[in-house]
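What follows is a structure written as structure tokens; I'll ask about it next.
Each chain gets a letter, A, B, C, D, E and F, in the order it is written, and its residues are counted from 1.
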Amino acid sequence: MFAVEVRDHIMVAHSLPSPVFGPAQGMHGATFIVDAAFFTEDLDRHGLVVDIGLAIEALGATLAPLRYRNLDEVPEFAGKFTTTEFLCRYVFDALAGAIAAGRLNDGGRVRRMRVQLHESHTARAWYEADL
Amino acid sequence: MFAVEVRDHIMVAHSLPSPVFGPAQGMHGATFIVDAAFFTEDLDRHGLVVDIGLAIEALGATLAPLRYRNLDEVPEFAGKFTTTEFLCRYVFDALAGAIAAGRLNDGGRVRRMRVQLHESHTARAWYEADL
Amino acid sequence: MFAVEVRDHIMVAHSLPSPVFGPAQGMHGATFIVDAAFFTEDLDRHGLVVDIGLAIEALGATLAPLRYRNLDEVPEFAGKFTTTEFLCRYVFDALAGAIAAGRLNDGGRVRRMRVQLHESHTARAWYEADL
Amino acid sequence: MFAVEVRDHIMVAHSLPSPVFGPAQGMHGATFIVDAAFFTEDLDRHGLVVDIGLAIEALGATLAPLRYRNLDEVPEFAGKFTTTEFLCRYVFDALAGAIAAGRLNDGGRVRRMRVQLHESHTARAWYEADL
Amino acid sequence: MFAVEVRDHIMVAHSLPSPVFGPAQGMHGATFIVDAAFFTEDLDRHGLVVDIGLAIEALGATLAPLRYRNLDEVPEFAGKFTTTEFLCRYVFDALAGAIAAGRLNDGGRVRRMRVQLHESHTARAWYEADL
Amino acid sequence: MFAVEVRDHIMVAHSLPSPVFGPAQGMHGATFIVDAAFFTEDLDRHGLVVDIGLAIEALGATLAPLRYRNLDEVPEFAGKFTTTEFLCRYVFDALAGAIAAGRLNDGGRVRRMRVQLHESHTARAWYEADL
């Protein structure tokens, strides 16, 4: 299988209000470096998995509502723990929606995605699934 | 599938006593940067793959007996070639044992692991398998 | 599954002559950092996936005809768009040929490969498949 | 001149309440990867710039009050803009105090420091000065 | 001294037509990851070295005429060897001009700059000087 | 000032036989990623700091006697603590000798060097001085 992966990042605040999170229960924050990978079985006639410019735009548009935000105040995250893993899935679903809406102009060729968030130089999470 | 990956490292000596290893037959050493990834199908009710603090502790405990060691003197490696690949499997098995013993407190949710050792900026190995 | 991955790089010029490529239609270039991963089910009796020295040599020999080249002038790329994805597949096929020719001396153990090209710190592509 | 540099990180929230900061005025956050470098003219009789274990401890102790914190609530930052540059200086001063208090046990040999904070894969700041 | 550094990149073709350059004499190319560091003695009243947004814009504007270009066809490079070192100086001078023209709005506070180009994971060059 | 920096690595064993080194007293090892930077005031008529091919060769030749070695058995290190800092200076002096012997063919233009050894993803050392 082929894949193309592009990178962007966000800088956000959030709290993780459960004793499970120990020192991270209170308001703190993170730079999340976000890698989004798009998988296809074959290349198109231009030798592409997807148009990398459209992929970068789609990732940027997905992250735009989160940039420089306090995630505790983002309505759709109400009642959720915005862990790194949770955010992987959120970005995955948003990108899947963008693909379904034709924003990658891929003619249904993208079959699988992986969204990875690096929270530091020593920890990261990802979600990978078929579309 | 979801994954969380954490990083640690060890600095060890060893020899690889077979002509197959050419210049690496004699006593030499390596810094191994170790990435351990834990895979689950779903997130738990706190939005977690696993408790990242427990994951870091489990990896640290697994690596502790190897830190600053000459692997040629580690009894359980007697008669083995302690290649990067071999060590990936060793760390994998030790972490699998820790999970089986409940040290990640994951309720049997971890389904798969990948253990990766970077031996330099140009070479690495990994072992990935279902639990 | 086990894997060993080695890294090399090439510095090439090329053009991508279709309006699809926007600003990259004309002659430009790239440093491609190339990671080749070799997968086996088991380790051999020396604890190896493959002989890492042979893997580095095979990757180097595969990249040699591309080093410091204008890909527009490489005969076998005539009429092709030499995208990052396309080059992943080209290197994959060349390495698969080298393995089939016995250059990794792996006794048919390599079952799968992944070839990854990093075109910048924010974009990369790969091709992964069974042999 | 000789130097030894060690790395740690913090994950913090903060706001930068001035129109100068545009989208970063409100509550957001960052992972700061922190590198602290210690410079000496010569090595001691054990071939060391400083005891690296003490350096790591001193950096960890300096960062401890900031880990998982909302910097807007840290009393000594009241009325300050906690920019990346500002935090470089804060960590520098705290480490300089630790050295002056003998926590690196360096016998006055550390002559200069550099503290660097990486806020993302594309931006970082540092402060470097003689002690 | 304080510094802030921002990163961008360009993907260019060029030739280095002298026997001195061996295999790199002909048309080839590079991804140059470009780091521009700005140094000031002190922070301004907002705790800044320079406005990082303006720094990113200035670097982007400086690199714009080189993006996806064949440097052999850039008029101001006629008769020059566009080595990595040469390009460091070119970007440095262009950024110095932008600062002199007030584009960083720094009130003359930037005293020094360093421009670094990474040509691969194993080689880079830089130019650093007072303004 | 201009600089060009090239990277290589070694994988060595050693012991650090003093209580000062705590857990690192016994035989252990390291991968040292080695960066050597060469500084000149100006570029030569080909736009170069130094011939990068010669720089890579000189660094490789300097490291050759250490590759896959037990440093405790290297005669010239007898009675020395082969710390990361010590090795920075050793490589620096060896490269300075190579330059003095004309191996960089730089006509006396290299004025300064920095040799940096990364011992892990969280610690490194360097030595920088005029020639």
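What we mean here is this: a residue touches a chain if its C-beta (ideal position, glycine included) is under 8 Å from a C-beta of that chain, and two chains touch if they have at least 3 such contacts.
In this text the structure is predicted, and so the values were computed from the model without any measurement.
The minimum number of touch steps separating subunit B from subunit D is 2. Chain centres here are C-alpha means, and the one lying farthest from subunit A is F. Looking across C-E, B-C or B-F, the interface that copies A-B in more than half of its residue contact pairs is found at B-C. Annotation: the subunit C:subunit E pair of sequence copies touches via predominantly the same residues, more than half of the used numbers being shared. As a whole-number value, the distance joining the C-alpha centres of subunit C and subunit D reads 41 Å.
Subunit A and subunit D have CA centres that are 30 Å apart. Centre-to-centre separation between subunit A and subunit E, using Cα means, comes to 31 Å.
Subunit B has residues 7, 121-122 in contact with two or more other chains. Of all the residues in subunit D, the ones that touch subunit E in their complex are 16, 18, 20-22, 80-86, 88-89, 121-129. Those residues of subunit F that touch subunit B in the shared complex are 7, 9, 11-14, 23-24, 26-33, 67-70, 73, 119-122. In the complex of the two chains, the subunit A residues touching subunit C come out as 1-8, 43, 46-49, 51-53, 56.
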